[in-house]
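Some structures are shown below for you to check.
Shared between the two complexes below is subunit A, which has subunit B as its partner in the first and subunit C in the second.
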Partner chain A sequence: MSTNTIALNAFVEQMDSSMSAYFQSCTHCGLCAEACLFQTETQDPKYTPIHKIELMKRAWQQEMTLTGKLLKSIGLAKPITDDDLSEWEKVVYDGCTLCGRCSMVCPAGIDISGIIRKAREAFVASKHTPEGLRHGTKRAMELGSPMGVQLPALLAQLKHVEKDTGLSIPVDVEGADYLALLSSMEIMYYPEYIGALAKIFDHANVSWTLCSEAFEATNAGIQIGSSDLAAELVERIVSGAEKLKVKHVISPECGHAYTAIRWEGPNLIGRPFSFHVIHILELLDQLRAEGRLKTTGSWDESFTFHDPCQLVRKGGVVQEPRHLMGMFTTGLKEMPDAGVMNWCCGGGGGVSANPRAEDLKHIVFNKKKNQIEHTGVNTLVTACANCRMTIEEGAEHYNMDLNIIGLTEKLAEYLEPNQ
Partner chain B sequence: MSKQYTLMDHLQGQGITRRGFLKFCSITATMLALPPSLIPQIAKALESAKRPSVIWLSFQECTGCTESITRSHAPTIESLIFDFISLDYHHTLQAASGHAAEAAREQAMKDNEDQYILVVDGSIPTGNPGFSTIAGIDNKQMLIDTAKHAAAIVAVGTCATYGGLPHADPNPTNAVAVSDIIKDKPIINVPGCPPIPIVMTGVLAHFLTFGTIPDLDDLGRPKMFYGNSIHDRCYRRPFYEKGLFAETFDDEGAKAGWCLFKLGCKGPTTYNACATAKWNEGTSFPIEAGAPCIGCSQPDFWDNGGFYNALSQPTISIGETAAAAIAAGAVASVAASAIHKSAKAKAAKKHHTVTTDDME
Partner chain C sequence: MNIDSITLLNWARGSGFEWALAIFIFGTLYRVLTLLMLGRKRNLAPAKSAETSAGVRTVFRRFAPAKGLFSKAPLLHIAGITFHLGFFLILFFYTPHIEALKTVLGFSWPALPNSVITATTVVTMIAMITLLIYRITDPVRRFISDGHDYFIWVISFLPLLTGYLAFNHALLPYTLMLALHILSVELLMVLLPFTRLGHFIAIFFARFYSGSDIGRKGVSS
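After this line comes the complex of A and B, so read on.
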């Protein structure tokens, strides 16, 4: 099969009754345009969310509708070519972070970002993908991490953390209650997160472990948009968790990792999990509610909180971080649109792993910059390593005086010492 | 007129017997859908009721509402009740004019602060303050000023309640209803073009008796008068049920008094007391006179299609169309779903499994 036929076939594979309803129910009201930071910051109509799926819609019309089939049979349908795929590739990868804001505002209830995620399947199958994302995915499949982080690197980092905290980090402990996953970024750039986990779990007496065979939480398959690869990556975590017989798996401070394991996971592998998936913020808030977290002192600085898109919009994790911050600070200055309608940092959905999209990423970061400047603070707390990295880079690019901190590690600083 | 006069004194002065008065109280109780045990309470409240101050403001209107009330001519009990309130300001009815008239309004507002009842008929133009003014004051400002210290507002007529005719497309003055401007006062909507006199007096009687606003529906109308559709209470309803319709205004059906639905009667979607309270001292109401209801107590009645177009005029046989539609729909959905399923199944068979080779 030629690549464009492969793409067309992959588009058709994704169709179901809800997709069909979505394609038919758009009224071209334009609300999604105003909800998308790529559109608002560039004012380029090609970034109107519902427009990003135009190629997939064309496939649906030609292959799934009576009139479309009729037109195709008499040669009136516009075929999907490799040139089309190359052109739209830049829109669906470089110009979308799958942040889901468009899906929230659509009055017809169309899950636009969900469709873009599905559209990517066809781009992957036909090799129309950004090089950076492709190579990251290859590393994830072959080495276990998109950044090429392997077990020896993790163990070396753990040694540092153990030295810093004076606590031992459990690895491969069978029968532990919780299996903690990590993102490569946390291992390499923010190992403070691992230290914070050790401190908090020691404080709250939580039985936990890491797994030497399944420590990577990120799922490059989800980012690039291949269910085949995503399923294999989910399977690795599932087999690790099943081997250690854990009751829960903790998704770390990483947006798409949470979506991958929590929402797409069981559907990808086609069977229910034997364990329960929980985001680290959900777990911490649960410990707080049970009275197992005790803090002392308070953080006097004014700061703002960036809600990671995948957490608030896909997972509804909105109040949890605010409860946790309330334990040690009253300095939170909310951004306009904070919570479920928070604006994306601009680096999600594989954009941060796609060097070709770098200039565009900086342009759309302007949205986040304005939000941060509106609060008038110089410190930002978030709960996603990828958001954190993107905001750090954006702040650097715009010469902003901004200090960025992960929520879990900040909370760990204010824990009451155990008796 | 002395302010110490009670209703009973006044009625006796007009030659109304106590028997006649109690009869009115019974009718009022019936109209208000109250149990008979409350009739003495109504009588007592009305007998001893002091004349509350009423300020009546007329904006973009045709004076039809005022006409309606005055046509409930003396000595009907309704008009007496109306005499019995202290109507301190009413453009059309007051003798005073110019500065004296405005002074009367201001005096009444001052003397009865937070106690007077404000009655409004007519809609309020918001396009340009100059569209309608009284004594140099534009309607909107006068409404806001007068509403400020009112105990309650009674919006009378469809213009004051929902914008009415001035609000009809293209609404050149950008007319709005009282409730679009005043948000912080209880507003009773008494729509109709015009409203039925006894409905207006009934609302006031309820206020005088209980000191409270009657139970209102979602359009702000007292449920006791606007709780049923004209259709539900229409004496021609049996013909509707039998499928006997007048097709033209002069056919045998029209002469036999059959249902006017096909001639555009809006009774099924109109809520008012016409079919029960009737007009002209209970003589009749439009449908009884052979005219279909035009739905005048409903919002935007002027713009809801032609008065003589049936509410849902079928152009072809309903049964055949429905059967054809169902059949066509079923065929189409089976066909569509078949296309869908076969296309999807074929695509799944040709699935290109993504591997690391695709990641080069």
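After this line comes the complex of A and C, so read on.
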């Protein structure tokens, strides 16, 4: 099969009622451009969200509409060529973080970022994917983590954490209530997160465990756009959770991991889970509401909070972090557009795993930089390891004086010591 | 010439209109049915909040500009909203239009004074011309536009222009202009379901689907 046919078939495979409604609804008003940081920061019209799905729309037109079929039958259809796929690969991957702002503003109600996620399936099928993402996906499939973090590395980190906190980290405890997942970045760069979990769960008396066979929460299959690979990664977590007979699985402070396991997971594997998935911030807020978290002292510094896209727009986790911060500080200075319409850090959706996109990522970080500078503070709290990494790199690139902290670990600092 | 115009006008009012109406209705049904028949997979992830009501809310909410977006493109919003509202006012509240619709629907409603309709027509045409200029001059709009966008602009503009000229007895003899006006409306009706103008019905589905998908995650959109 030619690349053209493979891509065309893969696009068509994604079509359903909503796709058809979306493609019929666009009148090219271009308002989505105002919502996309790749467009606003580069002023390059090729990053207009609706343009990113042009090839998929072409496939829909040719294969699913009466006029399109007629034109195709007389040879007037514009084919989807290898060159087209190579050209669009750069906007679909490098120029989109799947942040979802476009989907929130479209007057026609088109879920543009949802379409881009689906369009990526055809880029995978026709082998038009960025090298960095391809390698990360390969590592995830073969080694269990996009960064190549394996069990011995985790166990070594856990040893350090146990030493630092004086608490033991439960691994493979059958029948625990909660199975905590981690992202590789947390294991390697931010193990403080694991220590914070240990402290908080000890404090609130939560029965929890890690699983030696399923600790990686990120899903490279979702980022690159391969439902088959994504399903396999989800299956690993499901089998780990089922083996340990846990009631809940905790998605870590990582935006896309939450999307992967909470929203896409059951649909990817084609059956509902036997456990309940909860984001760490949802769980902490639940513990707070139940009176199981007691804090002491307060953090006097002024700071701002970066809402990870996958948590606010694609997960509805908006008030939880604010409730939690309210327990130990009144220093929160919100950024303009904070909450559901917060601007992306520029590193989500696989961009941070794609070295080819690095220059572009730095350019679009300007949006976040302006938002942060508007608050006038130089401490930022967030709840996503990938956002954290992207903001750290951006701050360094622009020589910003910025201190970046994860919310869970900050909260753990203010816990009342257990009696 | 006169007799030809009258023949043309009679055809436009008679079989022309019937054909156009039939194509419009069946075309729209075809689009809606093919859309619905594609179906949607059942979502297996437990919803955080009710999706259907969220979908319905989004259908209505998206008539208004998204928060913070108006100031980013005020001209586009004002011209876009004016054109749509103007078009509906003229279509549904001009006396002869109500009479024509009565023959199809069997009932009628009060009309707006002709002076209001004339003024609305001028404003609506200005809004459309503004949108066209914006499409041609703004880098984003120009980049994403194709021939289809300009084509549907022309077929949407013709009924306004011919209607205005006929009402004012300008340019061509009244009978001929009126026939051309009706024919332009029929062209619009025939093309509505088969072009991007089909958004008139598709946006309700699109808004509902995205609104419920986003809504089930606990986010209102």
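One rule holds in what follows: the second predicted complex is superposed on the first by the 419 of 419 C-alpha atoms of A that agree within 3 Å, B and C clash if a C-alpha of one lies under 4 Å from a C-alpha of the other, contacts with A are read in each partner's own complex, and residues count from 1 in each chain.
Operating definition for what follows: contacts are C-beta pairs under 8 Å (C-beta built on N, C-alpha and C of every residue); 3 or more make two chains touch, one makes a residue touch a chain.
Just so it is clear, the structure is predicted and the values come from calculations on it, not from any experiment.
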>> Should subunit B and subunit C be called a clash or a fit once both complexes are overlaid on subunit A?
In response: clash
> Which partner does A:Ala10 contact after superposing on A: first (subunit B), second (subunit C), both, neither?
Replying inline: first
> Of the partners subunit B and subunit C, which touch A:Ser20 in the superposed model: first, second, both, neither?
Replying inline: both
> With the two structures laid over each other on chain A, which partner does A:Lys138 touch: subunit B (first), subunit C (second), both, or neither?
Replying inline: first
>> In the superposed model, which partner reaches more residues of subunit A, subunit B or subunit C?
In response: C
>> With both complexes superposed on chain A, which partner does A:His128 reach: first (subunit B), second (subunit C), both or neither?
In response: neither
> Given the touch rule stated above, what does A:Met341 touch, subunit B (first), subunit C (second), both, or neither?
Replying inline: second
> Looking at the overlay, what does A:Leu66 touch: subunit B (first), subunit C (second), both, or neither?
Replying inline: both
> Superposition on A: which subunit B stretch among 109-117, 325-333 or 343-351 collides with subunit C?
Replying inline: 325-333
> Shared contact residues on subunit A for subunit B and subunit C?
Replying inline: 15-17, 20, 64, 66
> In the complex formed with subunit A, which residues of subunit C make contact?
Replying inline: 30-31, 34-36, 38-41, 43-46, 48-49, 58-59, 62-63, 65-69, 72-73, 76, 80, 135, 138-146, 149, 152, 194-196, 198-199, 202-203, 205-211, 213-214, 217-219, 221
>> Touching residues of subunit A toward subunit C in the complex: what are they?
In response: 15-22, 24-31, 33-35, 39, 43, 45-46, 48, 50-51, 64, 66-67, 103-111, 114, 262-267, 270-272, 276, 312-318, 337, 340-341
> For the complex, which residues does subunit A have touching subunit B?
Replying inline: 1, 6, 9-10, 12-13, 15-17, 20, 63-66, 69, 124-125, 127, 129, 134-135, 137-138, 141-142, 226, 228-229
> Can you list the subunit B residues touching subunit A in their complex?
Replying inline: 335-336, 339-340, 343-344, 346-348, 350-356, 358-360
